[in-house]
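Take a look at these structures.
The two complexes that follow have chain A in common; it is paired with chain B in the first and with chain C in the second.
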Partner chain A sequence: MVSANQRAAAMRGGMPRKPIKISQEKVVIGISVVLFSIFSIVLDKFLSEGNIIALLKNVSILGTLAVGMGLVVVGRGIDLTMVAVMVVGVAFSIWVSSLGIDFTVAVLIGAVLVALIGLFTGLMIAFAEIPPIFATLAIASSIYGSGRIIFPSDVLYAPNNIGWLKWVGSGALFGIPASVLIFGIVSVTMGLFLRKTRFGRLVYATGDNPNAARNMGLPTRPIIVTQYIISALIAFIAGLIMTGLVTGINTRIYNSSLIYDVLLVVVLGGIGLSGGQGGVRNVIVGTILVGILTNGMTILNVSYTNQNLIKSVILLTALAIDAIINPRDEQTSQTGDI
Partner chain B sequence: MSMAESLVRWRYRFLPDHVVGELLSKKWIDSVIPFTALVLLLAIFGSIVPGFFGLATLTNLSGQVAELGLVVLGLTIVIVSGGIDLSIGSTFALAVLATLYGMNVGQWSFGTGLAATLAVGAACGFINAVMIGILRMRAFLTTLVTLIIFRSAFEILFPKVSTALVTSSPDSPVYDYLGLGQIAGIPASFVFFVVMAVILHIILSRGRYGWRLFAVGGARRSAYNAGINVRLTVFSAYVVCSVLVALAAFLFCARIGSAASDVGSGLELQALTATVLGGISLGGGRGSVAKALMGVVFVLVLSNGLLTLAVPGPVNDLTLGFVLLASVFLDVRWTKNRHKILRSVYISPTLVKMPDPVSTEPGTPMAVNDRLKDVGVIGLGVLDGAEDVIFDGEDRLYTGSRQGEILRFYPPDYTRWKVFAHIGGAPLGMAFDRQGNLIVCVAGMGLYQVSPAGEAKLLTAETNRSLTSVVDDSPMKLADDCDILPDGRIVFSEATVRFEMHDWYADALESRGNGRIITYDPSSGVTRTLISNLVFPNGVCTAFDGQSVLFAESWACRINRYYFAGPKAGRLERVIEGLPGYPDNINRASDGTYWLALMGMRTPALDLSLEMPGFRRRMARRISEDAWLMPNLNTGCVLRFNEKGEILESLWDQTGEKHPMITSMREHKGVLYLCGIFNNRMGTLDLPNADKNWFSSHSYWGKSA
Partner chain C sequence: MAILRTILAAGIAAAALCGAASTATAQETDQVGRQAYLDAVKGKKVIFIPISQGFDLNQAWVAVWQRHAARYGFSLEVRDPNGDTNAGIRAMQGAIAEKPDLIIVQNPDVQTYARLLKQAQQAGIKVLQVNMQSATQTDSYVGNDWIEMGKLEMTELAKTCTAPNAPSHKVVWLAGVQTGAANIYMRTGIDAVLKQYPQLQLVSDQPADYSSEKARQITETVLQQHPDLCGIMGIWDNAEVGAGAAVAAAGKQDQVTIVTNGAGSDTGCQSIKNGLLDVIFNFNAPVQGEIAAQQISELLQHPDHKAGSEKTIFFGPVTRVDKNNATGRNCWKIDELK
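Presenting the complex of A and B:
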């Protein structure tokens, strides 16, 4: 039975209209398609097979890192140590192998070290309750500092004769470069992990409302620690891809803006920094956009500094749009939430 | 008394453990850890670094303090407002570029150069401010990105002018003086910095702008609801911060005169470490200029000391990173647990040996009876928190309420009532002065006067601070009952200086002498503490002799007499000791004796626990408040005593239905009016033998009043 009020509302045309939902993901896909088309038309080298492969290879490192960052951001954290962990972890493995230990074993030792770093970061955030941004910022600088003390030079070269490392760098399966394949495997695993496992759901619950999750009896602290261990290991995998591609690792990458590119991917892709939303799909979408952008600018011969400037302005715009679409309410915003 | 018992007694008399809690509640306690760390650092480096306190080192250090200090003060303003600014390093670089270009290449005058530098800073700050203040974006990420943007801008501009910067030199004596000149051996830039720091200190701690910053940072929502323009305040913080950073860059240029391509990089980490290290809380609302300076000196001494010891750069970074991590950790833990620690150590019970109670067996004056069983009722369901009652010359009844109001009930049946005055707080004891003004003690607010027209006026809320007290004990926390001396002075009790009214049971648990008797002289407006260290002083009544006041000490279960005039002036005497309950208000009776209310009865368990302070401390720390032993306020009574302190009669309500507790009573024209702060009614008891025309104000001021 329709009440008089509802009828009146219907006559005024007041029936609730379904809002057209424009998700950030769709916008980003749209922009990517547009950019891809423009670059394909304007730049004749852009659509060549070699360039597409190069684009994908470049993107694979960034994307792998972003998958790890995405996990942490979904859990309402942020991991600024990833690049430091990546360079120092791999450099440590190479340094260990230079002492006469088999490279594969050295990589495993490196993975253990990286997991320990992730554990330390996680403990600092979950148990010592240091805000993640500060903890990871300070730990990143400390990791890099320790790395610089141990390793004599900035660039460390991996041994030449390691079969699997060569495959990572130049191998392919069904025409897909190995590095891209690894990125795909990491993404799919993470996607299934977040969507299908109990632990993955707990990560969303923790990220969405840590206090509620804790009151419910979820082990929020162990969950947070695990996130940082996983993100550190993913950073290590990204480091191995990089080593495979360029047969060594340059620790000075830490000083570049790579970590901000990773954040750019995550934020552009639509994983809200307030946690509990988004997933691996968003990471992939963000990765593609940033990949196209970087590649196009490189072909256009935009200098490194200018590229940084442009990417930062885009990131800032994305953050601004995020702030306008999801405004913080003075009544609900929390003190100390910076 | 055994030896062991005396030792325990002395320990509680001479070891003031309540001081620990009071020290922890001081504001400067936040700075103790950073300050100790700084002193240790200075001691260590002073002993291992050669020439650490030499003139050259100190001159160099003071120049650096001036520059980093300005940056940190800027960051402090932003952090206090609840944000953060990571772009300061890049802003610094851009401002350095502007100064050097203007002064070296452009040959500008001092004023133009300074204005241009500050303008560059303000522009950078404006970008941050718009995004964080107006668009309310997240401060950390936003400034992280502007850090890259400003740095990129610097890296694009710097190579284009770097040769020009080196090949020319500035032409401004004032500029040179700022960089290299000295005032009485102190670098000019440092003097300038000190002046700036003092100005900022005054603005932050005394100025309206500073208070707004603290309000927004401390409780953003409350600040917004209080009508503060939150967005504008946050906006201004970022602009001010960047302008201060630009000023630091100007000083830097004047001192160094050139710049490398990495100028200002890593500055944000250094400044952040200094800020947090000084004890300025991330998240806002807490901090000061002095704390910021402490952090600055710490960071500079640490990094300069490591530099002198030839420690490699990475180790330096590593140390700074760990110092930042450790100080954030301490800050987070301290902010989170400070009130918990305070709560657990604040209550510090002392040893009390209670005298045996006066007997309440049948045949004694205190014998339990049922005389309050069938009494009349006033204000049933209306009264809520009526602690005291009083009458004016037209038989109108006045009483207080929990909502901070004075209610007036009208004769003859006292069913009609209205709100006479609204004060706030919790109005407790009342008295009429010679002019017919109502004097009211208001818990949490002080002593008030209400004119016959119903206008409330504050008489006093502060007394003189006692010399030995760690915390400022001059504000009144729990003004309880008052009476007026023949010379017009008002004597009133303040039950406790250590707890709020709703924590009264915590004071009972301590049973320490936390209260005091205070006088207020309306003719001179002077408030003075008369007697201190009293155990919850409560009811106050001017004696009929006109030379003394009687007052009750609730948890000590005794009545005292203090002589303010006559041959015994200044002396304190016990009148009654060992009451069976906790005495509350005392008022005059028509036959020259006194009425006394007992709000509750003593219990053997609590009496015993008073002899075991350790037990009470453990109880306060380990179990929740609702399970504490506390005074029984479920059975009260009224008794009458004479000048010698002999108890004459007592009135009880054994069922405890109508008057479970009694805080005050007032005799008026042959009727005794009874009230209790937790009761929902007021009782009336006819006194057959009393003077039917007796009215308390007549007893005080004579019939003419």
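Presenting the complex of A and C:
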């Protein structure tokens, strides 16, 4: 294999031999394959069709959120408002519907609110130039706090006679649950958007080197604002999946580690926090590893606290392996690395 | 003459009697002990430190106590740390420094406030704990007998799952958080029942972190491993709806019995009606609030009793609610309590 590469390189005009690049993505795929094989052998029904579907269904919300986060991180940002936007956006819709407005209309109103929040976040980052990590951290708190004032309770239940919401929760197409389907649609759309549209390429350019992009005359600020609007809307979609699945939304999820799990999936899959790299494929790879881990450990009856511990150790291992294989130096690291 | 004298004497006697009666009435217009009680509670300061006011049970308690506070003129301040343990500790320290007449506390776990509660008692502040106990016993605890709750729920499952037509003897315990007092004590109760029914098989024991989505994920995975699962028991109706959603998605509502406990709010009753839950052991938060209100008035009435000198406990009533009695007082709405 190496010699074939060498020969090919030689044929291309004596270029120096390039070693096979084992990217972080491949490391994660490797770990996933190993874990998947171990679980398949050790655990009785791990490999059953039902369990694989359950596995995917259980990471559909995490994955959907991670696709949105992925977009922002590629553009060298970070969106810590996603979970707050998700719970407050959906809770707001449910609250509006409790005032006697049709639920579907209420969801559209919620979507408008969420888009406005995204717009505000984007403006604060692109024009007020507040570093995204601080801007979104503060805005997340404000969003959740406002929600606490408006909503009577932490847990809000959607009306139970909404056909489409029921379908989101328990419907399926060709045996694929609706939640997984929605995750798939969001992923494919985002993948095409990033790879095939001019705007998508501009996101990479902005993420890779914002100053250069701006000097070239690219509209970097509107691009940044748009990213945050899109990520907010994706968070809203994730919230609707959750509401469909469990008939309501618990705004307290904001206090859980979900937002860090989302970030972890993104970074783990190989989208560097320095921006301009990676894509939806990385997000899916990261999501699937977390899915396999969680599913296997749940079957093994590992407690939630220990699950988090084991999950962190494996994720840290993946990052460590990557750091050894692809060491950072002055050439590879970029300004803006966190 | 003699007759006249007798009549006169009788008249005087009657007048005297009437007079005496009227003096007695004047004395009894004020109900015995009423004024002393009103004076004792008036102007007293009570601080409540909950886990979070976003929970249905907390809202019910506070609605009840505020009614009492307005009626008798004591002040009730709610210092809501909103689920943040550190904020809770600060709230406790602040409350101790203010030296109120009474601190009411709902403990997030058995350890966090244990030392602070001792400090409060040493500083002469009376402490009433509601529903969630600390390792430190204080003047009063009003709430559930959580060991009994564990027994009640597991016995309910034992009856169903050891019956001749039970799908299997497999049961699941979906806990909240492992360090919570309620969890620890419920587990003791569960173990006692499991010993009594050795044929019962506890196939999964994982905390769902009071999250319906986490409960749904665990249930969905467990159902893949144990398609013949018989029963699930949990700790909070608002979380176990997630387990119900997973069971419903698998079409196993007739096979899997879901038992949990709750504050008795209408949302729980709706979940029973929607077929997401089968049985809720309802500890009726408004009744619990009234019992605590009795304790508040008792502790305020005796400022001469040293803080921590008498330690009392009262376990509130528990009602088994299923689809036959999910109505009326078993399903309160917060607006009706105010």
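Convention: the second predicted complex is superposed on the first by the 293 of 338 C-alpha atoms of A that agree within 3 Å, B and C clash if a C-alpha of one lies under 4 Å from a C-alpha of the other, contacts with A are read in each partner's own complex, and residues count from 1 in each chain.
The working rule: a contact is a pair of C-beta atoms (placed from the backbone, for glycine too) under 8 Å apart; a residue touches a chain by one contact, two chains touch by 3 or more.
Since the structure is predicted, the reported quantities are computational estimates derived from the model, not experimental observations.
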Is A:252 touching the first partner chain B, the second partner chain C, both, or neither of them?
second
In the overlay, answer first, second, both or neither for which of chain B and chain C A:61 touches.
second
Taking the superposition on A as described, I'd like to know which of chain B and chain C A:148 touches: first, second, both or neither.
both
Touching A:44, do we find chain B (first), chain C (second), both, or neither?
second
Tell me the contact category for A:169 with respect to chain B and chain C: first, second, both or neither.
second
Output check: A:295 vs chain B and chain C. Expected answer is one of first, second, both, neither. What do you get?
second
First (chain B), second (chain C), both or neither: which does A:135 touch?
first
With the two structures laid over each other on chain A, which partner does A:124 touch: chain B (first), chain C (second), both, or neither?
first
Just chain B (first), just chain C (second), both, or neither: which does A:29 touch?
neither
Residues of chain A contacting chain B in one complex and chain C in the other
148, 305
Under the touch definition given earlier, write down the residues of chain A that touch chain C in their complex.
43-45, 48, 50-51, 54-55, 57-58, 61, 148, 152-155, 157, 160, 169-170, 242, 245-248, 250-253, 255-256, 294-295, 298-299, 301-305
Chain B contact footprint on chain A (complex, rising order):
124, 128-131, 133-135, 137-142, 144-149, 257, 260, 263, 267, 273, 305-306, 308-309, 312-313, 315-316, 319-320, 322-324, 327-328, 330-333, 335-338
Footprint of chain A on chain B - complex, ascending
82-84, 131, 135-142, 144-146, 148-149, 152-153, 155-156, 217-221, 224, 230, 269, 282-285, 312-318, 320-322, 324-325, 328-329, 332-333, 336
Under the touch definition given earlier, write down the residues of chain C that touch chain A in their complex.
52, 54-56, 59, 82-84, 178, 203-218, 220-225, 238-239, 241-242, 245, 248-249, 267, 270-271, 274, 276, 334
